[in-house]
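All remarks here apply to the structure that follows.
By letter and in written order, the chains are A, B, C, D, E and F; residue numbering begins at 1 in each of them.
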Amino acid sequence: MFSYSINDQLKLALPRPLIDASALSTLIDADRDELGRWLPWVDTLRSPQDETAFLQSVLSHFAQGTSLNTVIWVGNAPAGMISFNGFHELSQSADIGYWLGRQFRGRGVMTQAVRGLCRLGFDEYALNKITIEAAVDNHTSNAVAEHAGFHLDGTLRANELLADGAHDGHVWSLLKSEF
Amino acid sequence: MFSYSINDQLKLALPRPLIDASALSTLIDADRDELGRWLPWVDTLRSPQDETAFLQSVLSHFAQGTSLNTVIWVGNAPAGMISFNGFHELSQSADIGYWLGRQFRGRGVMTQAVRGLCRLGFDEYALNKITIEAAVDNHTSNAVAEHAGFHLDGTLRANELLADGAHDGHVWSLLKSEF
Amino acid sequence: MFSYSINDQLKLALPRPLIDASALSTLIDADRDELGRWLPWVDTLRSPQDETAFLQSVLSHFAQGTSLNTVIWVGNAPAGMISFNGFHELSQSADIGYWLGRQFRGRGVMTQAVRGLCRLGFDEYALNKITIEAAVDNHTSNAVAEHAGFHLDGTLRANELLADGAHDGHVWSLLKSEF
Amino acid sequence: MFSYSINDQLKLALPRPLIDASALSTLIDADRDELGRWLPWVDTLRSPQDETAFLQSVLSHFAQGTSLNTVIWVGNAPAGMISFNGFHELSQSADIGYWLGRQFRGRGVMTQAVRGLCRLGFDEYALNKITIEAAVDNHTSNAVAEHAGFHLDGTLRANELLADGAHDGHVWSLLKSEF
Amino acid sequence: MFSYSINDQLKLALPRPLIDASALSTLIDADRDELGRWLPWVDTLRSPQDETAFLQSVLSHFAQGTSLNTVIWVGNAPAGMISFNGFHELSQSADIGYWLGRQFRGRGVMTQAVRGLCRLGFDEYALNKITIEAAVDNHTSNAVAEHAGFHLDGTLRANELLADGAHDGHVWSLLKSEF
Amino acid sequence: MFSYSINDQLKLALPRPLIDASALSTLIDADRDELGRWLPWVDTLRSPQDETAFLQSVLSHFAQGTSLNTVIWVGNAPAGMISFNGFHELSQSADIGYWLGRQFRGRGVMTQAVRGLCRLGFDEYALNKITIEAAVDNHTSNAVAEHAGFHLDGTLRANELLADGAHDGHVWSLLKSEF
């Protein structure tokens, strides 16, 4: 496994499609309702096979440099994923997306993972800015952005069409000069 | 030429790479400094051949449904371009980009073109929202968004890295329900 | 919708795969036996989904410049399709194919559509010649070619293998110099 | 070399791009004016490297079943090429193209090559008809079609735009039932 | 059919996917247990349709120059296949694989086919060495290599994982200078 | 950087094409004669741009699972590369290739790197065997294989055509059961 170490307990690893799919699927299955409330793709990943295909596609995007999807490892267990969903040339920026399995929530894991990915992005991907977009009523996600030191730039109207309708979205940003 | 009529004087047409490249190149060459100040791609289109290649690529994106680039016609003359630069699935939205040759500016052409493209987007592309991003100090572009009835959602920091450095960007939006 | 206007009542539009498939499928379904007698592809388009996939493929051929398939609009209704099936480099020519829904036949629509597509072909596709091939016993199709001013060049043996066997085919041509 | 035997002296072989390019280029160079008069592609093949690239592309079309280009061998010498330029699904037909180096002309080689390729086409490619198109003033090519037993179906106007202008073209056909 | 003649009774032909699949499938079906003991791919070719798809893929590899798969013809009957499975640039070598239908075994056919393919490889594919790998307990295959004049270079451990477990493999080689 | 840790001083990292190319090029340039004696590709990598393109291509092979090329890091310095050049399905094996910059040689780095890559291969790539091929007169490379615990299976004739001619090659193997 090829990984980027954040601290003694936490690392970000490139997915291994055939090996990691099962554990990630189990995490998603165990919390499908809550995750699916905010993450529309949850509904399209229904089996380890779907997950394997997804992980293969993101590896190929990593190789092309169009996105970077990593598995969050807490100790020896896969705990969720954190990603640069895309790189934006005009602003030399990338936006972060993330999710964490239920049993790994509530202990600051994601805030550390975000800070770790920001370090990687500023150091190795020549980014000038990193952004997080979160539905205004997704309190957990907004809290992660705030705790990770991001600045609230504004609120985009109808930024996400989720199962229960349109949600406005907060846009958070962290500049390289602030990190 | 396949076009979408806005009014008696104005229409949006799909580009014809071999035919339209010359006139569009002439418009860009005549105003390279002003256009290039806000549009980084201006520097990469140096000849009608570059323009032809660009128009061929955008036609293929049109066919795939990943973007929509149109030539603005004022009467019988190509006057600039207006585009949906991309379609965003999660928000059923698209962002508009545009430029106009010098001699066509100052008479409301772009405001009408934006309104026309919005109509097409809401009617035929199932959009829920259309956005415009403009550098805060690009007064012309912000004025177009405002005159076209868009709402200012917020100001994204370091939203564009232009030749003279980072510019914050206004995000304007128009909802289908408002149109 | 991006269209090419022929007259007040008639225009040719690029297909919108998700929007136009349903109406075109309905036209085909309503006249499957008669259309299928001359058009072998009718049998392969059995559903709006098939039609959508077909329209997506022809849009991509349009973008590549290898064919041009358009929807014929009579007033506000899709009435059929007319196409340059292919462009022939050695003769700078293209061959036209067409079909019309039952309720739109018998009023000269197709003759006008052919003339309109010829104008587009000579003006914008640098054609020197446009051809129509029709089975010798397809009287309607031969009448369109004749009424549109085409010249009968010859009769190719076994030019189409239809459901009821081989049919000889008339080859009609119209030169740019004649238009 | 993989070949199809016509008689003791004559066979058709699949091209070997790296091996055959040199001899074929030499034949073309030795007769560039006469060949180029009727064959527009002659002008685009200026070196053995061009020929190698061309032979590689036709091998890939052979593998896909979209055309069949073969080298004509007279004894141990490459003498020219004969090809099914394309396969036409609606008529289960293919059209033949050919050229012969100067020193191999005038002894019936091409007539035999055409008959051989027809045998292959009717036996193994499920063809119902084989056609040859020749400019009306290309007497040699028309003579080959006639001697090979083809029937003259008609004369297509402006069928080829050659260096000296438009030429009408004779269309010859041979049906499987006649072979 | 395009073929390479070995002697009056034996030739190697490029596969014709639609025509040859049936006969080859019949040969495999008639001897599935014995062939499948040594050839893992036998289990994946279960129908003429599978065989057609396989033959289409190998034709495309032939066109790209990455492998060469031929059908062995004994008189007028397809008898099996012999192939260069791949070309190895660093050693200018290729490895041969083969199988023969039951009724064609025991008369030296494969030894002659190997010698024929070696001649083609040294003459037309610029090879310096040709190799055969055979499981140590596949006596028939080892005997072919020995009779064809190959030299035993060594025994690779666990060289093939077959249905009944790992088998060591003999590596045989023939140098161009020895042929 | 995404890496696989071998010990406190040594790790294997996926290449970062834009970042690592310069250091790797410098290592190669400093020892071009000695490296090029055994590694034919050295001659094709003449600039950091060549190296960047090479690293991009191997990343894409990593994503497809067709090879695995890693940079060897000694402390904070790139020291060379070690790779699974390919994965062989029939034997569930992979062959290792490697090179080390001059100043990093002579201290057991490569033996440890080979052992580390073997661990990764047996644990995560489901390998049953790992092989190393080395020219018989490349004493350094053979010593690495021996020190890493590999078994000498045989000597393949003319296994590599290097600048000074054909070299026989030793084949070394390590089975999963031996690791």
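Here, contacts are C-beta pairs under 8 Å (C-beta built on N, C-alpha and C of every residue); 3 or more make two chains touch, one makes a residue touch a chain.
What you see is a predicted model, and the numbers here were worked out from it, not measured in a lab.
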Shared chain contacts [chain B and chain F, defined touch]: A
Farthest-lying chain, centroid of Cα atoms versus that of chain C: F
Same or different contact residues where chain D meets its copy chain C, judged by the half mark: same
Result of counting contacting C-beta pairs for D-E and E-F, higher pair: E-F
Length of the line joining the C-alpha centres of chain C and chain F, rounded to whole Å: 60
Where chain A and chain E are represented by their mean Cα positions, the distance between them in whole Å: 50
Intercentroid distance (Cα basis), chain F paired with chain A, Å: 33
Two or more partner chains touched - positions in chain F: none
Touch-based graph of the chains, sorted into line, ring, star, complete or other: ring
Ring path (origin chain A; first step to chain F): A, F, E, D, C, B
Of chain B, residues touching chain C in the complex: 1-4, 13-14, 16, 19, 56, 59-60, 62-64, 124
Chain E contact footprint on chain F (complex, rising order): 40, 90-93, 128-129, 131, 151, 153-161, 166, 171, 173, 175
